[in-house]
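Here come two complexes built around chain A, the first alongside chain B, the second alongside chain C.
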Partner chain A sequence: MWTRALWLGLRASAGGRRGFPSKADPQGSRRVTAELIEHLERLALVDFGSQEAVARLEKAIAFADRLRAVDTDGVEPMESVLEDRCLYLRSDNVVEGNCAEELLQNSHRVVEEYFVAPPGNISWPKLDEKEPFSHC
Partner chain B sequence: MLGRTLREVSEALKQGLVTPTELCQRCLSLIKKTKILNAYITVSEEVALKQAEESEKRYKKGHSLGDLDGIPVAVKDNFSTAGIETTCASNMLKGYVPPYNATVVQKLLDQGALLMGKTNLDEFAMGSGSTDGIFGPVKNPWSYSKQYREKRKQKSHGENEDSHWLITGGSSGGSAAAVSAFTCFAALGSDTGGSTRNPAAHCGVVGLKPSYGLVSRHGLIPLVNSMDVPGILTRCVDDAAIVLGILAGHDPKDSTTIQDPVKPFTLPSLTDMSKLCIGIPKEYLTPELSSEVQSLWSKAANLFESEGAKVIEVSLPHTSYSIVCYHVLCTSEVASNMARFDGLEYGHRCDTDVSTEAMYAATRREGFNDVVRGRILSGNFFLLKENYENYFVKAQKVRRLIARDFVNVFNSGVDVLLTPTTLSEAVPHTEFIREDNRTRSAQDDLFTQAVNMAGLPAVSVPMALSSQGLPIGLQFIGRAFCDQQLLTVAKWFEKQVQFPVIQLQELMDDCSSIFENEKLASASLK
Partner chain C sequence: MATPILRWCCPGRRWVFAGIGSVSRHGRGVPTGSTSSGKRGQSSVAQQPLITAQKPRKGEREWAAVVGLEIHAQIASNSKLFSGSQVDFAAPPNSLVSFFDASLPGTLPVLNRRCVEAAVMTGLALDCHINRRSLFDRKHYFYADLPAGYQITQQRLPIAVNGSLVYSVCVGKRQSQMVTKTAGVKQIQLEQDSGKSLHDSLRSQTLVDLNRAGVGLLEVVLEPDMSCGEEAAAAIRELQLILQALGTSQANMAEGQLRVDANISVHNPGEPLGVRTEVKNLNSARFLAKAIDYEIQRQINELENGGKILNETRSFDYKLGFMPEPNLPPLLLYDSGSLPTGTDPQQVINIDQLREQLPELPRVTREKLVQQYGMLPEHSFALLNEVGLLEFFQNVIKETRAEPKKVTSWVLNTFLGFLKQQNLAVSESPVTPSALAELLDLLDRKAISSSAAKQVFQELWRSKGKTPAQIVAEKKLELMQDAEVLEQLCRSTLEAHPQVVTDVKKGNPRAINKLIGLVRRATLGRADPTVIKEVLERQLSS
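Moving on, here comes the complex of A and B:
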């Protein structure tokens, strides 16, 4: 089964890179490394905020690991319960809109008809540039 | 009047025995009296009174819009309501006023319903207790009921009356409490993993989760797009059917609604029970299930059997994995859905202006509570390139197995499944908060979330009071899009068990006189 081999391969390489315990580990628990924390915080743009949050993530991962026990050979992933139906597509005609003013009212920073954002070409600082869990 | 069914009140309005304005004012007054429950975040008094006025004009002309004209309803605060603050009980949306109505809200308003207000919930509907919103927890009206208080007096003396209040369950706890305390006749909740049925069982009301695709999600601030459904909370099954009839149907603004024509329906009385087959999933008999719920479940099964229905044990083999599967899919979809909250176009925005990313991060830190952040981070973990196959896709495959389990059971001739809704009756808040939100959700959603994964309709019907005087509800699960059949069975069951009315006179001292007058007025309705 090439999918299973691929899955095992992915796990092994993931384990090597991120310092996860080897497959021999009976607990199968994943340590959440500082690297992973930084990576997730950057992707989610949400911070952990405390050691407790990291512990909660570890528990969540351990909980999710239980799925491994299910045999899903030959099973297709299910995206929606309505998969055997055609999604409705309406005709490509403009039927509403012209509400720019209403929509702009909900924003905190607006200039004429623009939403104002801070400069976008400055990347989120790396972990060592930030204080760890400075925001609790 | 407030204790009556929708049809009865509608009839009373048509006959002029009561006016929409009177109804509205009584409900508003009750809302004030039951403020301790913290069921409402926003009470839209002016809006409701204006709507009542217009409804009254219609009734005077004899042009009522239907069964819901002039009827007070409440809406959970994660449905967009034009001109009325919609917060999702989160700092992220505090002060946010949507420019449009959710389709289901619009449908209610088009039928002339009076919008009493927006009800409290767990932040972004994440939780099973309605305890984690920024406006504080919702208190279960049964904490103040005569039934519960009397049982407690027998056990303990001289304890601070309010310190031991009970949770409503969640996340639509505010809606359930609002309906249970007679402040409205129907309330909208949302159901992603049991968020409508769980509080319904704890608050002794009917909680309906329609089939996925039957009711529009446009305007419902999404949690899990493939599982969310607007839920309906009422005091009796017939009322839920009336509301469903109004809300169901294709919505061009929600392409996940089915296009089959849907008409409002009435529920027939079940006369020939011999044609009915009830399934009892054996995997739902878990050790964590309280003995009281278990015995009520047994009693219900026996009731069906004694009346001539076929009651058989069935198997849903992947039940033990469904909560894990739900956990992965839910957090993954949440991670995606919460990405829209960046402070730019709406909602909270922080003061940092250094860079876009810094602004987004600070805004989201300030706007979301720990629960939401925790789920976003877990979801992002499961969606990482190296984890995608092992977790997310794996969970999607398990989802298919779970959905298939249900299909197999229904194909074997079962019409409706009968299961518990919750593990036990409502617990005191002090006990509930001993475990964190994620653990609690995993425990409490046990019987309810598999239904969301399969997209099936389900309804929680209150059955009886526990030895502590608290409501216990049972869940019926139907075939996809067979909501009418499901509700027909539920209605029969409701009539058989005659669940007692909550006695809240202590909480609403001078309201008891209103209930007295009601009895005189109701005599003329017969």
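Moving on, here comes the complex of A and C:
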């Protein structure tokens, strides 16, 4: 699912000067910079620990790039395959919920009907950004 | 550059470098969304407190602040935005959570009609353009209280755009005059609320309650048209009143039903706008104005000290993590002219019908009060500012023969004063509208004086069950009805104090008050001072 997020990210990034030395890339400008890797790692929580992993990433992008072979000039992009379906509107009635016990069974750890998660945002060595929403 | 013009950026507020040597940041006390770099050395301006309405000295720069707001209001609905679990705030943890809210695989979002109506009504009340076609997106980020890993929102094409919020601020030395201002509404969008996290730092864990996850939110984005904390607070207050009047949100900040993020920057008038910082999650009306002003002052101090404002929450220019929500088709709205035929009315939302059903907005209610009762605009604001006060006022008006102006004055000064003193809500008042109406009737008939009326009111407040008439009788507060007795008393007072009489005749304006006081004592407070004055003056001139 996150491949699409990566795709969007790479399309939007300006070509960086520094970066992992990679084999001659057919698409030239599609170098993946260290900065971008760090950013993507944070967003997608994937560890691109090795040069091999980065190379694999670049190959994956090149593979997806083959979509460009399709001529889409003048074709309006779809939102989703459902886009001409009717959006169903539900009446404002309470019909579900009240299944805390069932839901909590899915959790590895539980404390008094609360789900237990690691502290703060997901821990990640390079993560120094503030969390997007602070709720309590 | 043109000679610096004194820019009146905010009623009573000119931003001046306050000469604070170092800026202290209190951990959680003042949330700021940024850090700053640059010299933080000795200031070359002598330490002085920030004084408002002070002319900037030679060499001192004028600053203008720009404040934009993002408001999240919880929609008042029975069930959540995309699922049928209940919306409630005092339930056991995770008891109001459906499989969809917990993001279990195989679940899909189903849009709640009531939430769409709430969004349309709010858009109409804020004079927005309602988009006949709007789209849902996913905004991805990782946090323990966001089980799906994304929030369904309407970033690209929201349900309403381009409106305006009209609000008023108090100006003038006594804060009594009201000035109307407008803040542009950039957009209104529907989105999901997240769950709640309780941080347990002792055991290094976070406890997550998903009861709030999936509750419908209206995000209202206001353009940066405000210039200080007071304006922002006034705008928020008006939005609160509008949402409450519409019934689309209870908008109670203390209960987290209304949350505000402020975007703040400063610049020198005439020059480009400065770097924005974000102050997040303001959830108290009083704190909001202070926090915004604090951030404005902090930025000014930083820039005056030669530093820079850094915005850390947006380190990348492009927005990552957005994609269209693939499980929801576009949301289509209709008006009377475009209604599709032969469809289930439950599946169709008619904007024109909603517009017709809009309740009266606070602005209109206030205008009507001013027109109907001749009160000042600030009085109409005060009446709408307290829950239940308007209804109380209207009930008194219904039952009394006294002039509306008198009623206004008594309700806003005496009645409200007592409420505030004892920190009571209107619903907890020991004095009923009927009781006040009766009291005002006695006053109107001149059965009692106004000072006696105040005494009666105090007694009404203290002892429940007694009527004003009873209290008047008990305390013998009735005004003397016999004019002859009063004439007699005045004459004898004049005779007994020839020196004072001479003073009055000499033109001493205060001497007459002494005489009035003497007569009042003689009547045991049962005569109206104005009447006494009339009689005395008449007798003195004859």
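One rule holds in what follows: the second predicted complex is superposed on the first by the 82 of 136 C-alpha atoms of A that agree within 3 Å, B and C clash if a C-alpha of one lies under 4 Å from a C-alpha of the other, contacts with A are read in each partner's own complex, and residues count from 1 in each chain.
In this text, a contact is a pair of C-beta atoms (placed from the backbone, for glycine too) under 8 Å apart; a residue touches a chain by one contact, two chains touch by 3 or more.
Treat the numbers as computed from the prediction; the structure is a model and nothing was measured.
Trainee: By the touch definition at the top of the document, which applies to A:V94: first (chain B), second (chain C), both, or neither?
Mentor: second
Trainee: After lining up the shared chain so the two structures overlap, which partner does A:F63 touch, if you call chain B first and chain C second: first, second, both or neither?
Mentor: Only chain B; A:F63 stays clear of chain C.
Trainee: Please indicate which partner A:F115 is in contact with in the superposed arrangement: first for chain B, second for chain C, both, or neither.
Mentor: Both: A:F115 reaches chain B and chain C.
Trainee: By the touch definition at the top of the document, which applies to A:D84: first (chain B), second (chain C), both, or neither?
Mentor: second
Trainee: Touching chain B in one complex and chain C in the other: list those residues of chain A.
Mentor: 39, 43, 45, 79-82, 85, 87-90, 99, 103, 106, 109, 115, 117-122, 135
Trainee: What part of chain C is in contact with chain A in the complex they form?
Mentor: By the definition above, chain C touches chain A via 31, 33, 77-79, 83-86, 92-99, 101-102, 104, 110-116, 135, 140-145, 194, 196-201, 204-210, 280-281, 312-313, 315-316, 318, 320-332, 346-347, 349.
Trainee: Along chain A, where are the residues that touch chain C in the complex?
Mentor: 4-5, 8-9, 12, 39, 43, 45, 79-100, 103-104, 106, 109, 111-122, 129-136
Trainee: For the complex, which residues does chain B have touching chain A?
Mentor: Of all residues in chain B, those touching chain A are 96-97, 99, 212-213, 226, 250, 252, 255-259, 318, 321, 324-325, 327-328, 331, 335, 342-347, 349, 352-361, 364-365, 368, 370, 373-374, 376-378, 380-382, 384, 386-387, 389-391, 393-401, 403, 436, 438, 442, 453-455, 480.
Trainee: What residues on chain A touch chain B, complex-wise?
Mentor: Those in contact with chain B are residues 6-7, 10-11, 13-14, 36, 39-41, 43-49, 53, 56-57, 59-61, 63-64, 66-70, 72, 75-82, 85, 87-90, 99, 102-103, 105-109, 115, 117-124, 135.
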